[in-house]
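There are two complexes below, and they share chain A, which is joined by chain B in the first and by chain C in the second.
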Partner chain A sequence: MIRVFIRSFTLMVISAFTGSVVVFVLLRSVGGDIATVMLGTRATQESLELLRETFGLNRSWVEQYVSWIGGVLTGNLGEAYSKQYVISTEIAQRLEPTLILTFGSLLISIPIALVVGLYSAMNFKRWRGASVDGIAQIGLAIPQFFLALVLVLIFAVRLGWLPATGYVSIFTDPVEALRSMVLPITTLSLGITAVFTRFVRTSMIEQMNEDYMRTAKAKGRTVRSAAIIHGLRNAAIPLVTTGALQIGALIAGSVVVENVFTIPGIGRLLLTSAVTREAITVQSLSLVILIIILTMNLFMDVLYGILDPRIRHKEARK
Partner chain B sequence: MKKLSRTGRKSRKSTALKSPQLLLGIILSGFVLTITFVSFFWTPWDPIGINVEDRLLPPNLSHWFGTDRLGRDLFSQIMVGSQNTLFVALISTILGAVLGTSLGLAAAGSGPRLGAVITRISDIGIALPSILIALVLATTLGPGRLSVIIAISFWFVPVTARVVVGPARQILALDFVEAAMTHGRSRRYILFRQVFPNIAPIVIVQTSMMFAAGILIEASLSFLGVGAQPPTTSWGKILMDSQPLVQQAPYYTILPGAFIVISVLGFNLIGDGLSVLLDPQQSKKGVV
Partner chain C sequence: MKKSLKLPVLIAVALSTALLSSSLAVAAPKPGEVGSTTLRASHPQKPTSWNYLQDGTSAFFVPTYLNILESLFETDSKGALKPLLATKLAVSKDGLTYTIDLRKATFHDGSEFTSADVVYSLEKNKTATNGLLSSPLAVTKSIKASGPSKVIVKLSRPSNSFREALGQPATMIAPSGYFESDNVGKKLIGTGPFSFGAFRQDIDLHLNRNAKYWGTKPFFKKVIHQFRDDEPATISALKTGQLDVVGMLFGAGVDQVKPFITDKKYQTFFWPSTSASYLFLNPKTTALKDIKVRKAIAHAINRKPIIDAAVGGYAEPGCLMVPTWTSPWNSNYCPYKFDVAKSKALLKDAGFADGLELDFPYLTLAEFPASFEVLSAQLAAVGITVKGRGQDIATWIAKVWATPTPEYDINHITNNAPLSTFGCKGTTTPYGYEALCDEKFESLIASSDSIVDPKKYVAAMKETANYVADQAWVIEIFSKNEPGIANAKLTGIAKARTSMEMDYRNIKWAK
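Showing the complex of A and B:
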């Protein structure tokens, strides 16, 4: 188990390093000089020089990279160009809404997918099962921003049950916090719930034909109890790997959802920084987002090892 | 393609042709493609004809889908907006499929160590969402079509490579490949002439799914304001404009949104239907 963790952790560090290089190079090579990018082409020579001096952009790439990574590790990322905030404190403050949003969606979608996917697999030859798959297909095709607007229209504008925008921290007012997160989490979880449901359905249909299911039935279990007790566990294991793939999608979705519902999270900061050309903030923010994705992947890897004894023992034997 | 279906799957093929999802997919995406095609020659109204007096008219007989915040005909806007959305999705899909397949074949054909490195890098690429790349590019290149196309392809290449590499390795282990090697065929010949035709069904299915994903991502980015820039219009951009008016004019949000759903659903269904038709064993996989 420790071996699995160490291996996954090493891979995560390598991935984070590669990702940071990609972001660093992308920001400096694609659009030309980074100072011009931030100030625009009409900026005077003096203001460009001043900017390069303040952010150390006149140093070599290697020096810049080393000092940036040093800043990431010590939590000191400097001030934003607009001087309106200190980058590391701003990111730290905005982590809470984004993490609540993404983890909330993940936690809601998995049980729904397991139940609905199981139901649909057990009825896969009947229209009931097929219609679940059809609904999941439609769920995959609905863009998050569209769903968000429709939900706002129905539940905030027409019915007035829930607030349309805004964010309340769970530490200040738990009830209001819950109310304000219902629509965002629903929006964000629809897509992954659809993916997970279809996944559980197909892997469950596969499991239903396995020998151990026949054995369980021969021992007197009903199809349903055999499916729930034996099949579901086997079907849920590969869900962990798909889950890891969906985390990137979840983070991407949070950029959209945070913007529709004006939630002060990381995604919203990333968009405003990109639009206002705060290249230095975008650089650090992308790395933070990448680290979130990779950490969740690491978590999934470890979970995979815990859930599936075959993986655990195979690793131990090596 | 034939080579895989020769192994006694005739009966499935005929049932798959009756597959309602493929048929529905063709109908839905055919509808969208027809509208896009027609929009190059004809739209019911001038799509950029501003008429403030007629702003936010609900759907009626002369404006089928009503009018937008500037009094432009919404249906004409949707027709023209499809051009940008589908163009971006198409180019990104082609780039992703061609480069990704080549990369996947290269990973399968090279030694285990290099192959592992390519696979690992692909995994990192898959973990990076397109929207993140698009926002990084929007910071440097500025928002617009180019940034969006690069960002989407940036994600499609590793996704395709990852889907291709496993099946390509399986084909490479088959006898006929070994026979070609003993005949002194070059590695490139074997990969493109012998392995590729056998994994083509997978690539076709993947292409259809990526096209659908491309539409979704382009629409999201345009909605966020980093995609299509004025005067170009795009489905996502129409929805961005409609957002503050959702209470006043719900149709303004719902109708263009429905078009996105129809097209994404259409191409996803085609991908699903084809995966059953072309290779039943692969139908359970698919990354997008």
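Showing the complex of A and C:
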């Protein structure tokens, strides 16, 4: 297990560093910077140069990167160019809604996917199973911004049950917090539920043909109980990996969802910072997101080892 | 009364009194209800900075100008100067000396407003990287206090731009030492009817009523100015009662304004734009150096379909580079009206009978993607093929606007740069960066700004505007009427704007 952890951790550090370099280079390659955004159509060559000098943007890329990563390593992400906020404080404040949104979606998606995927697998030769699969396909195809607008129109504008936009902190008013997150979590979880459902379905169909399932049935178990008691556990193991891989997709989805619902999360901050070329914020935020995803992957690697003894034994033999 | 009965009776009386008083007490109106002292407004743009010496974007001025920060004068709907922090203006006959009397006022930090603050602020604004502030103040030779409530400004030459800027953000006043303090970029301090309150990055800014305001205090104790760039979501928030005022829609929300015009629960308003929306052509593109080609492009433009597609029909077509609302030199002059046959003939004359291909990188925001679609179809109809590619604002400014080596042939922008900022020494593309130095135009803009006689000035500006239209390096398409929607029970929404502001000063609930 320790070997698994050390290997995964080393890989995580290398990936985080590589990712930070990629983001840094991409940001400077797309064209424009914070000076062009601030000055807008009133920019002159002189005023642009002056502002770039003020922000240290006229230094070489290497100097800029070293200066930023040096700050990161000492725990100081710095201040936005605009001076409107301290980056670490802003990220910390925005983690709450994003974590509620992403993990809320994950927590809802997984149980639904397990039940629906299992049902679909057990009925995969019947129309019921096929129709569940068809619905999952539709769930995959609907764009999040469109789904968000439709849900808002029905549940906020027409029925008036839920707020159309905004976020209330769980520490301020838990009931309002829940109400404000129903539509965003539903929007974000639909696509991911469809992914998980199809995954569980395929995995369960494979498990149903395994020898141990036949043994279970021979011992007197019904197809349903064999599937639930024996099949589902085995089918759920790869779901752990898929779940970890989907964290990235969830955070990417949160960019869209947070923007439509005006939720002050890190997704919205990432989008507005990228548009306004707040490079340090984008770099820092990307690094934080990268570390979250990589940590989840590390956690899942370890969990995978715990759930599947074959992995542990394979590592031990090395 | 028996002693044992006293306590239960006392409790019963206390409880009934509490119940009675609570039933009689009137609950304070919630936001959105008539009488509420909180106004919730939204605008699609978010300021990139709170330092106005650096930030030249309109998003900065929307919530702050006139609400938090005040200038010496403001400009009324007819373009005249109206007292604000200044009470009186006297200009010498030669147009070189401006004597400005100031009122008594207090800054949000409690300090007194004096002439020293005006001298400090104007000197700071004059050296700002933001050209909106520094350009009109460039002609000032000296700015001196004459006692605590008078300032004398001397100019190196008479300047109409300077006079007009007195009622614009160029003369916004901050307390002395503000730009050297820790507040700069984080908190604005002005003299306006609202002070700078809580700010949540890309979410909202709270404006708190200034109890010490020198003028009529606003009705609303708090204005929550929200930054919402998803316009359909903003409209939904308005419909569900989460917003009271939605200002200046310019994207996908424009198409959703129509139903609100007839809905009695709402009022719609259309702010006459302070800017012009126009095509501009690259002087470095060989084919465009021939005026016949430029005329052909101008003749190919049918303004009405562009207005309908790009801004929901809420605009006035125009051919002069002049916003339609205040400029006295505006007119119906239109040298190259829509005429496909004439356009084709001009192209043939210029040697492009087989067609012409032009590069058209367009902005991927507001009206520009939709206008690009219609423009490319109209130009194709006369034989001009445009190669379109979307660019976000930062890329566009870096590659098209603020560069001596721009990468475009034809482009579209909506801008409130006055004609005086055109000219090859200026910064407004396509003239700026010495790209287009037309002798006649240079002499027109150089001389018109110095004309002291108002009538002669208007005549000179008219000649300049017409000359710009004739040359067709810039081809105006329209002047927008920016739509907004508000709760029908609100009154006092400004009918016009001085600059780019959303003016919250006079908004209140109707009786």
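Methods note: the second predicted complex is superposed on the first by the 283 of 318 C-alpha atoms of A that agree within 3 Å, B and C clash if a C-alpha of one lies under 4 Å from a C-alpha of the other, contacts with A are read in each partner's own complex, and residues count from 1 in each chain.
One rule holds in what follows: a contact is a pair of C-beta atoms (placed from the backbone, for glycine too) under 8 Å apart; a residue touches a chain by one contact, two chains touch by 3 or more.
Because the structure is predicted, anything quoted here is derived from the model rather than measured.
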Requested in this report: Could you look at A:40 and tell me whether it touches chain B, chain C, both or neither (first, second, both, neither)?
Outcome: second
Query raised in the report: Where does A:149 make contact in the superposed view: on chain B (first), on chain C (second), on both, or on neither?
Result: both
**Report entry** Touching partner for A:56 - first (chain B), second (chain C), both, neither
**Finding:** neither
Report task. Applying the touch criterion given at the start, work out whether A:174 contacts chain B, chain C, both or neither, answering first, second, both or neither. Result -> neither
Query - Touching partner for A:286 - first (chain B), second (chain C), both, neither - result: first
Report task. May I ask you to decide whether A:111 touches chain B, chain C, both, or neither, giving the answer as first, second, both or neither? Result -> neither
Query raised in the report: Who does A:75 touch here: chain B (first), chain C (second), both, or neither?
Result: neither
Query raised in the report: For A:277, is the partner it touches chain B (first), chain C (second), both, or none of the two (neither)?
Result: both
Query - Overlapping contact positions on chain A, where the chain C interface meets the chain B interface - result: 30-32, 34, 37, 149, 152-153, 157, 259-260, 275, 277-278
Query - chain B - residues contacting chain A, complex - result: 21, 120-121, 123-124, 126-133, 135-143, 212, 216, 219-220, 223-226, 236, 239, 242-243, 246-247, 250, 253-254, 257, 260-262, 264-265, 268-269, 272, 284, 287
Query raised in the report: Along chain A, where are the residues that touch chain C in the complex?
Result: 30-34, 36-45, 47-48, 50-51, 54, 81-85, 90, 148-149, 152-153, 156-157, 160, 163-166, 259-262, 264, 268-269, 272, 275-278
Query raised in the report: What part of chain C is in contact with chain A in the complex they form?
Result: 46, 48-51, 54-58, 129-132, 184-186, 199-203, 226, 228-230, 232-234, 236-237, 239-240, 242, 391-399, 401-404, 413, 415, 417, 427-428, 432-433
Report summary line: chain A contacts chain B in the complex at 11, 14-15, 18-19, 22-23, 26-27, 30-32, 34, 37, 137-138, 140-146, 149-150, 152-153, 157, 202-203, 206, 245, 247-249, 251-252, 255-256, 259-260, 270-271, 273-275, 277-279, 282, 286, 289-290, 293-294, 297
